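Consider the two complexes below, in which chain A is the common component and chain B and chain C are the respective partners.
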Partner chain A sequence: MSVAVDVAVIGAGPGSLTAAAYLASAGAKVVVLEATDVAGGAGAAPVDVGGLSVPGTPATLHALDPRVVMDLKLTRRGLRFSVRDLPLVALRADDRLMIDRDRHATANSLAQLSHRDATRFDEFRRDLFAAARALRALWWEAGVPPDASTRSNLRRLGMLSAEAMLEAAFETEAVKAACGFDALQAGISPSSAGSSLLLAWRAAQEMCGLQGAVAIPRGGGPTLASTLLQAASEAGVELRVGTKVASIHVDDDRVRAAVLATGEFVPARVILSNLSRRATLMNLLPPEAAGFAMVTRLRDERTVGEATILMTLNAVPDFAMACPLARFVMVERLDAVVAAHTEARLGRIPTEFALEAVIPTASDPGLAADTTLLCVTVRPLPVAPAGGWPSHVAELFERVVQRLSHHAPRLRSSITGLNVVLPRADQDRVTAAHIASDWPARLATPVEGLFLCGDAAEPVPAVSCRAGRLAAALASAYLKWGAP
Partner chain B sequence: MRYDACIIGAGADGLAAAAVLAARGRSVMVIERDSRCGGRCATREFHPGFRASPFVDELPAIPDDIFRALDLARRGAIHWQPSAASPEEPYRSLRRAVIARAMAEAQTPPVRRRFRRPTIDPWPGEELARLSLAQIGAQPPLGYVGERERSAVLLLAGPGGGMVAGGLGRLGEALRMAAQEAGAEITCGLEATDIRRFDGRVAGVALADGTEVAARAVISTLDLKRTFLSLFSWNELPAALVERAGAFRAAPGTARLLVALAAPPPLPAGVAPGAVLWSASWEAVEEAYRAWRRGAVPERPVALLRLVSACDPSLAPDGAAVLTVTLGGIPLAPFDGAWTNEKREGLREQALAAVEALLPGARERVVASELLVPPDIEERLGLSAGDLSGGDLAADQMLAFRPFTDCAGTRTPVKGLYLAGPSSALAPLAACAGGVAAARAVLSDLAAGRLR
Partner chain C sequence: MSTDLRATPFHARSAAANACNAWETRNGFTLASHYGDVAREALAARFAAVMVDLSWQPRVILGEPTAPQFASRLFTRDVSQLAPEEAAKALWLNDDAGVRGVGTVVRLDRETFVVISATGDLPWFRDAAVQFKAAASEATGQGMLALVGHMSDRILRAAGLDPSLRPMTLRRTFWRGLDVTLSRLGLGYELWCEPDDGSIVWDRLVAAGRSFALRPAGQLAMDILELENGVVRPGRDFAPAGEAGGPTVQDLGLSDLVDARQPFNGRAAFRRAGSPSRLVGLVFDTDAPMPETPLVRNGDKVGRSLGALHSPAMRQPIGLGVLDGGAPDSELIAGSVPCRAIALPILPIPAPIPPTTEVPPPPV
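After this line comes the complex of A and B, so read on.
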């Protein structure tokens, strides 16, 4: 048995490092237990693309909690952004739209297709941003009870599908499809009730002081991990890598210790888990502790996810010649993507998926010397296709390259390396009800002293560190006062 | 004379509302465009000797208390239960709870405080609305055309109340008698063209012949779009309201084929006479839905068959039979132009092929058939887009959100105007209930002095 700690954190992702840093700087004794040899989560380890080591995914950040950046002094520790706000360029068979923060530029671009949509877009964005700001109270602001108008907004958005929202707002398919890519998150179909909350959630974020912005961190994903790690270790967090947690010891409905795979006990008063709710409650807890109702609710795994394809190129692709700093979104029709979602849910690679391409090297050439790095996100894809992923990867590559080649004819010959980050199989199924729940409910578990602090506790899974900050608040309240 | 209420449309909802209002001693005028009352409660001879209800075979069930209060059974509306052995339907109690909630809200409107929106508790059924059909593992509901990711709230739209002996026209007749015996006046063959407003509230209804009916309250049983986009002048209503009405989404259109058969076809084993034949898979209904979204007629339309004469022999001559085919996912205006005779013939051919596939041997017995496509339904029933459901049954267009958010039930943002048609909250759940809810709202507002 090792020395008793106040807080044991399972997994060393961005969320758990944030929680650990907050708790340790508040004076708690914290240990982080990471199963792999690298701390920092999925984005921390470099990926090998054609013999070149490039920073892993995600290439862009859109949800990082500004409070965390401020409180943990991440900027002083080296977290910088090479681009603060990427515009969205929608590429379709015969039109090209640019959606930018500059509303006049956006209106000009949209006016090529429809004057009505050009005037509508600003209104749409303003209403969505306002609704999103109101919803922050429910999603993460501590101690603010959602008022009547937030609840009313939430109720309406909780019933509205993203498809219906965009259908009502715009008349041209191009605009609907361009806005629809952000609704294709978390494995929820844009036609299902409540999927408009995904758009609202995106709009509620604040990156680099700009609402709803998408930013590229300098140095890629590892920078965030290393700055968080630095903050945590400075605060006095003990990090143990290569330490797999096998189970959580529960006594009297309260956590007592984390039990390692080696059989070692790490006694702790509070345990935070960076794993999915399903993995935490079903694999780490004794079956009776999670409760029958919870286990039946968690039985379903996420079936639809997204993949990221990383390519190194020896030339800038044609579609990015004019302005390489943008998110290039390729969605032909919104309703085709809805159909693709059904196909993905049934375990097939959809016939028409949506793509988003970003070129991080355009703003940060230091990432990969003399090459162009292209990160392509493909949605929606099955988490477990029939026959397993290995038999489909080549087909996926081929079809993605084909789609990209419509807008960059010379792309195929310029590829020097490829790698793919397949859909994550370890995520919880997200429902509209989950997104609409308030934050203490998302972080809490049926066991006293056990909280979630990773993706699973976010309304929509993303690198945000927010759940870590909130979990730290819950944990320190628990350490101080006990269960509420 | 100034009436207490003027009702536009003498369908099931309008007549039920008129009966309830008149029974409480209020003066009521019902305006009907058609020469006969009943709306979709109609039965017509489509071929000599063969009769059928052209638009629907049955309405959603009428709640028991309304059925008894209007004394419909004595007036000749005898319902024939499609299959007496149908299992207990899981959403019945939830549906009742929703109806009770809507009725309660009609009687006591939510209190509006100044500068503050009323806080409205969620309606029963909103939990169901957040689930998708795929999540609850449902098979495609009867006649449904759409995706399995869609909200399960449409399961609240109840099963039919059963066919009426003698056709649905008999139910329309019974409702007309109920309204007239209670003292309501009914004017048929005259269209309402405008809702007149004075001093910010409804003052009456202008008719096609230039006369006006002055009324303290108006109940519209037209759908949302017709009510707000065609009964008011273009600049009379707030832009947001007009926009909301314009953005109300229609459900996939329906086509109906009424078929006269020389003799009843042999039924497949295990199918009760008069039962519904429906063999659509999710793939088929999703394909039909996607075709509809593109504005195309699906290659294999989703067909729902019903041998109506098997449960109501009076509809066909002796020894013959009447079959109705309901085709789902038919566009109002196909992408390649309006409905032409060739397109109609093509659809009729497709429908008959679907009939032959489900009921082998039926095709050779066909004597005559009549096809109704969505524009026909739009023209004859006056429904926008020929959409029988009066708006898509999506989560944001059902329950408290139908037709307006925070304007739940039957009242509208226009003072003195009430909505009871297919776009009202209760219409998909139960027949006549929307009309009765509107009537109760009018009664309570009249009593409380909210209507001058």
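After this line comes the complex of A and C, so read on.
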């Protein structure tokens, strides 16, 4: 048996490192137990692309909690952004739109297709941003209960699909499709009730002081992981890599210890889990501890996800020649993506998927020396296609390259390396009810002293670290006063 | 779910006896509501004996080697401690400690339990069983005939069955060519038989009970007897909980059926749910109020009523209620109806008369 700690944290992802750093700074004795040999989460390990080692995904950040950046002094520790706010360039067969923070530039671009949409877009964004700001009270602002109008707004959005929201707002397919890409997250169909909350959640985020911005961290994903690790270790967190937790010992309805695969007990008053709710409650707890109804609900697996294809190129793609610093979104029609979602849910690679391409090396050439790194996010895709992913990877590459080639004819010949980060199978199924839930409900579990601090505790899975900060607050309160 | 009406193994005999053609449906089974006079049937249990068809009651079999572990987590009492052929009354709760069901859990053998209750809840058992690698399956359809009344011992003896059974136990036996099970799980005895043997079992009991004034009784008479004896039945006395929320153990005054020392589903929420209330009987001066009517004492709400019926034996409406605190034997107002709270059972069925009373030898 190990020495007892105040808090044992399962997994060393961004959320759990954040929680550990906060708790250790507050004086708690914290140990982080990471099953793999690399701490920092999926983005911390480099990826091999054509023999070149490039930083792991994600290439961009859109939801990082500014309070975490400030409290843990991440900027001082080296977290810098090479681009603070990427504009969105929508590429379609016949048109190209740019949606920028500059409202005049955006209006001018949209006016090529529709004057009504050009006028309407600014109003739409303003309304969405205002509604989204109010919903922060629900999603993460501790101590600020959402007011009546926010609750009513939440109910409205909880019933509204992203497709219906965009259909009502705009007349041109190009604008709907461009705005709709951000609603293709978390495996929810843009036509399902409540999917408009995804757009609101995205709009509620603040990156680099700008609401709804998308930023590129200098040095890529590993920079965030290394700064968090530094913060955690300076605060006194003990990190144990290569340490797999096999179960959580529960006695009298409260956690007592993390039990390692080696059989070792790590006694702890609080356990934070960076794993999915499903993995935490179904795999680590005794069957009855999580509650029968809860476990039955968790048996519904997530079926739709997204993949990221990393390409190294010896030339900048044609579509990015004029303006390489942008998110290039390729969605022909929003209704086609809705159909694609259905195909993905049935385990098929969709006929027509949506792409988002970003070139991190355009702003940070040091990421991949003398080469262009292209990160392409593909949505929606089946988490477990029929026959398994190995038999579909070549087909996926071919179809993505084909699609990109419409806007960059010389792309195929410029590819020097390819790799793919497949849809994650370890994530929980996200529902509109989950996104609309209060933050304490998302972090809490049925077992006293056990909280979630990773993607599972976020309204929408993303690199945010916010769940870690909030889990630390809950854990501190529990250590001090016990269960409420 | 099938909406077809099903016949119990005793239906043919029940139909022949049901001259007034009064039927009702429970759990999809067609059953006699009464055989002409509800009051007489309810009173007959006090002066002679009645037999009631309970085959409609849902029965769920829990099996596989992990069934004891599963059952001990499923129910609010550790039924894995039961010996084979023993039974216990228990509740099962949802995650929020809402009462999904009340029933009798019988241990048939080392790895098999049967749950008998008024609400089946098979999907809940089945989903939960997966987590323990156990199995839950429906066993409803077997014949179950209750024999209630103080002549029941004598009737069984006359029929050639040994009635010497402790309460909450059962015995499997071979009865003149039939495999039957005799149990004491409810108000009297229950005779379980194979579906095909229903008519034979009925006829044998009728023949044996003829000299003891045995008569068939319908479901309404059984409801009255249960209420007089303080038996709470989900669906009649309260609406059972679903996936979440619902009435808690404390709301129903059923804390006696909970052993919080052992872990079970919903225990954490049960512990948070507050102080226990008390299940009491209510005797109303005039008409019985609707269920969930507040019970008021000196202007303060002190509880609420559950199900209520007219008791022929007491010649007034009776019911069940839950008191938040305080002792029974007090005057209350339920809605606008004056009533009195009394300890349960309200009016127990007289104990069975033993078949033979041995006279002890005179002292020397």
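Just so it is clear, the second predicted complex is superposed on the first by the 484 of 484 C-alpha atoms of A that agree within 3 Å, B and C clash if a C-alpha of one lies under 4 Å from a C-alpha of the other, contacts with A are read in each partner's own complex, and residues count from 1 in each chain.
The rule is short, and it goes like this: a residue touches a chain if its C-beta (ideal position, glycine included) is under 8 Å from a C-beta of that chain, and two chains touch if they have at least 3 such contacts.
Since the model is a prediction, treat every value here as computed from it, not as a measurement.
Residue contacts after overlaying the shared chain place A:Asp253 against chain C, while chain B stays out of touching range.
In the superposition on chain A, A:Ala148 makes contact with chain B only, not with chain C. Of the two partner chains placed by superposition, A:Arg77 touches none, neither chain B nor chain C. When the two structures are aligned on the shared chain, A:Arg345 is found in touch with chain B, with no touch to chain C. Contact with chain C, but none with chain B, is seen for A:Pro287 once the two complexes are overlaid on the shared chain. In the superposition on chain A, A:Glu448 makes contact with chain C only, while chain B stays out of contact range. Taking chain A as the reference chain, the count of touched residues is higher for B when chain B and chain C are set side by side. Chain C contributes residues 73-74, 94-95, 124, 127-128, 130-132, 243-244, 263-268, 271 to its touches with chain A in the complex. Every residue of chain A that touches chain C in the complex is listed here, in rising order: 253, 287-289, 291-296, 299, 446-448.
Chain B contributes residues 116-117, 119-120, 122, 126-127, 129-132, 134-135, 147-151, 153, 247, 249, 286, 290, 293, 394-396, 398, 400-401, 405-406 to its touches with chain A in the complex. Of all residues in chain A, those touching chain B in their complex are 148-149, 151-152, 155-156, 158-161, 164, 167-168, 189, 191-194, 335, 338-339, 341-342, 345, 431-433, 436.
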